[in-house]
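Take a look at these structures.
Same chain, two partners: subunit A is paired with subunit B first, then with subunit C.
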Partner chain A sequence: MQSKEAILDQLYVLIRPYASEPIELCAETGLINEVGLDSVKVMELMTQIEDHFDISVPLNILPRVNSLGDLAEQLQQLLKDS
Partner chain B sequence: MANLFNKFRSLEETRAGLVAGSGVDPFHVVVERVVSATEAIINGRKVIMAGTNNYLGLTFDPECVAAACRAVSEEGTGTTGSRMANGSYAAHVALENELAAFFNCPAAIVFSTGYIANLAILSTLTGSEDVILLDADCHASIYDGTRLGSAQVIRFQHNNPADLEKRLQRLGDRAGNTLVVVEGIYSMLGDRAPLREIVDMKNRYGAFLLVDEAHSLGVLGQQGRGLAEALEVEAEVDFITGTFSKSLGSIGGFCVSRWPELETVRYAMRPYIFTASSSPSLIASTRKALEILHRSSALRKKLWDNATQLYQGLAAMGFELGPEISPVIAVRLPATVAETTALWNELLSQGIYVNLVLPPATPGGKPLLRCSLSAAHSQAQINAMLDAFSHFKEKLQAHA
Partner chain C sequence: MGLEATTTGNNLPLRAADFPNLAAALDYAALGRTGCNFYTSRGELYAVLTYSQLREQARGLARRLRGLGAARGARMVIVADTHPDFLRFFFACQYAGLVPVPLPIPHNPGSHKAYVAQIQAMTRGCQASLAVAPADYSELLADATEGLGLTFVGTSATYDTLPQQAGELSPMQVDELAYLQYTSGSTRFPRGVMITQRAVLNNLSGIITEGMDMRTTDRCVSWLPFYHDMGLVGLVLAPLASQLSVDYLGTREFAMRPRQWLSLMSRNKATISFSPPFGYELCNRRLREGEAETFDLSAWRVAGVGAETIRPQVLYDFAEALGPSGFDRKAFLACYGMAECSLAVSFAPLDGGLSVDHVDAEHLALLDHARPATDAVKERLSQFVNCGVPLSAFEVEVRNAAGDVVPERHIGVIHVRAPSVMSGYFNEPEITAETLSPDGWLNTGDIGYRVDDSIMITGRSKDLIIINGRNIWPQDLEQLAEQQPDVRPGDALAFAVPGAGGADVAVMVVQYRDNDSDKRAELIRRLQGLIHAEVGVDCHIELAPLHTLPRTSSGKLSRSKARQNYIDAHPLNQAGVQIERQATAVLSQKQAG
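Take a look at the complex of A and B:
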């Protein structure tokens, strides 16, 4: 099973191109407020994340995701279940 | 200080910014008087309505109007409650039987709106052990239905069967507990689902398939049953939902299924159980419209003639349109939201009402102007639309 930190490292690489301005990414970084993603960009990013990890991310989990750390935890669980 | 309305401030600021930037408030258009299926009075002047989804123009059909008048005289203005509590009127049951016969299905349920049809079916048919795989461009009623339910919800890329297959593969054994949801014609760009390929996927993985034919009922197919009929895959579609508020010219919704078990689902659907049933006049005009739709394909032919003419005319002017000829014609503009709103108002001032659709409700996040054609549009009205868009094109070039 991948560690949360290993997932976060991969997320930083995937998310960095989507940041509206250069930003230091960490587990506490907010996806919407700090990375500056709008709803269209969130969906583009999710598709990239799904293909990278070869999983489907259910829409149901999105309300529980605020920070990159939250996203990493959800992905870790999905990878465990797949 | 905390206030329930604080969370709406950004929405109000966006609205105020749009009004300030464009000089108009597109969300406060008042139709002062409806003149016909294709004309209305707005801001004191007659306007051609080219954004009503009144595909067959049946809202003023004399037979439909007479049926509604008779029903309101004989059975009153409303039912004042739900069918579960107050009982079904004979006409509700008759319409369900007629829809079942029309679609050659053993089960049909009528709902008070198309929105409620999707809300009820999507929230109830699937449970916490099930999965809904929906096309990313599905209508809000489908998304809202999934939110009311407990199934896992996964999107696949719009009209992309390969992406759907990838996601079915990832589900493994759970694919058999999966409901795939697509639309016959998508409401924003007017494009059709690649339904044969999607049926092939759902068969290969043992999933169920629901097609929302809201914009394709009365529009596609030899008998007007929609995309599934047009592509000859009806026997493999598990559920069809739709609305009475477009081709049938009234208000209401339905679900039909090749599974007789749908009848049992009726008793578990909260949006069905706790909603007042359709009024007698709505049911009466819907039944008459369904009969007209069944009786003749002339209106459908006229609709497609009109759609083809407008689409080809706009394409020749160089507008970026949806991917195929359709009674829904989306014009995508290289302009900001405020500029698009001002241009939309310019069209209105020239006597053409179309739908202004703004992000995030638009595919790709670009603003668009959405036209919907009707069989009732005359040649002169189509010409007037083309003339207005031609002037509009000049304005657009001036903006650029």
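Take a look at the complex of A and C:
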């Protein structure tokens, strides 16, 4: 099973191109308020995550995802179940 | 799995919405073999619901709803995911004598709180008795309906365990409501448009016959949300009321994999689909090298475009890129409408493609007169897409500020009157009176002009901001600013300006006293983050000194003046460039590459 840290490292690579400014990415970074994703880009990112991890991301997890760490935890759970 | 999509073509003669109510429309469609098909984001067919099955299931469910004892005409809110359950509940309401109210689904990370507030405002606003959400959203719905005193709240599975009440069903009749439609996701201004059975069926008949000339050989594809007027009336009710098969792709699934739309169109040789311009743009942006020829879009005869300002270039680019698929740019069908009219007001002529009116921009700005451009070299041009001829049930007038009807090619506010116009906003007599006159004329809030019988839209008099086909109220953006400890009520004005490609860009001017550049940058970041999280759009924030926001002659803050000041201070292209730079890097990277 992948550790949360390992998943986060992969997320940083996927998310980096979306960051509007050269900000430091960490588990506490806010996906919306700090990375600056609008709704269309969120979907683009989810597609990349699905393709990268080869999983299906149910979109109802999103309302409770605030930070990259939240996202990594959700993905960890999905990877465990898949 | 043995699932097979419903056929194109039917064993029934096409009837064009000539029914007294939606239940009767489904009763007739159920005699045929067509229906609805649902696909995953990877293009797998996961559910098929023939109209015959839909009728049977909706009637069974209607008996369970009857057993709950809600009064006739009571509202049932339905969290409207693109799923067979939405159709089952929507039509169960029709048979049970209840009014369905489609509600949006949350789409943004971290939006839990904002979404709960939105659903709560809508549920309270329509005084709902019943509520249903897909299992994935049941927790959200429970949070949103807590303390509102609803009779029953559940998922489709919990409704299915209720006992069925015996006896005859008594469907909603011609003068009763067909549904209640929220026109924007605003938490402060949830306005529920009341549409009667007579109104929606009248509009459906116009859409089916005059607008699209639907035939039994047609097949529709849609990824539009079921809670959106174009998605619900145009691509759920119109196919049903003309007994056509439809292939559905979820809206979020489309946003993730937009090319699935084109795959579905290809797979079943679909002939009709609609999208705001941004949908065509998104597809084009994601198209891969050499991929266009793998699609077969040669059967696509109605590529409807509406719901936001139509930017011709975006559509020309799409047609150009998809040329190898057999897509014909003549399929583009510009249309104009709004939830307050059920849906459609006008359609461009079929098989005509886009028609653009070029006018002298200077003359237009000075004299409110759309004079055709004569010398393209010397004049600055404005171009407006011809939104076509109103359906025959409509009377249309263009009126000036004094309320007088203006001649052809003169700019004014578009007013319409038709049997398909709403009865009013639910429980909002004052707002209704501002919009709808006692003799039935609806002030659309859209500004435009007429040429012959056609309508061109040039802007909006109301303050609505429309981004990616979504209606956004400026008050919602302003409220987020005013909630900040360092911003006071009356310190923020939000409005839309035309961005680089002509699409709306949201701008908010905020009065701010501190000159410290770090604090200023921090406030901008904070506001943009909040707006992303709660509203899901990019917004350009401009800070202004105290007491500089413009006011009307009566002393009220003026969004339209603030907008004009902003546009004057940022000549069009510069404003677009600046906004894009402040927005995010992704778009510009794509454009550069």
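By our rule, the second predicted complex is superposed on the first by the 82 of 82 C-alpha atoms of A that agree within 3 Å, B and C clash if a C-alpha of one lies under 4 Å from a C-alpha of the other, contacts with A are read in each partner's own complex, and residues count from 1 in each chain.
To be clear about the criterion, a residue touches a chain if its C-beta (ideal position, glycine included) is under 8 Å from a C-beta of that chain, and two chains touch if they have at least 3 such contacts.
A quick note: this is a predicted structure, and the numbers were derived from the prediction, not measured.
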Sharing subunit A, do subunit B and subunit C clash or fit in the superposition? clash
If you stack the two complexes on chain A, which partner ends up touching A:82: first (subunit B), second (subunit C), both, or neither? first
Go through the superposed model and pick first if A:31 touches only subunit B, second if only subunit C, both, or neither. second
Touched partner set for A:47, first subunit B, second subunit C, both or neither: both
Of the partners subunit B and subunit C, which touch A:39 in the superposed model: first, second, both, neither? both
Mind working out whether A:17 is in touch with subunit B, subunit C, both or neither, as first, second, both or neither? second
Subunit C versus subunit B, contacts on subunit A by residue: C
In the overlay, answer first, second, both or neither for which of subunit B and subunit C A:59 touches. both
Out of 116-124, 350-358 or 530-538, where does subunit C collide with subunit B after the chain A superposition? 350-358
Return the residues of subunit A at which the contacts from subunit B and from subunit C coincide. 38-40, 43, 47, 58-60
Quick check on the complex: what are the subunit C residues that touch subunit A? 106-112, 115, 136-137, 140, 252, 255-257, 282, 468, 525-526, 528-530, 532-533, 536-538, 583-586, 589
Touch list for subunit B against partner subunit A, complex: 136, 146, 152-155, 157, 167, 170-171, 359-360, 364-365
Per the contact definition, I'd like the list of subunit A residues that touch subunit C in the complex. 17-20, 30-34, 36-44, 46-47, 50, 58-60, 62-66, 71
Subunit B partner contacts - residues on subunit A that touch it in the complex: 38-40, 43, 47, 54-60, 82
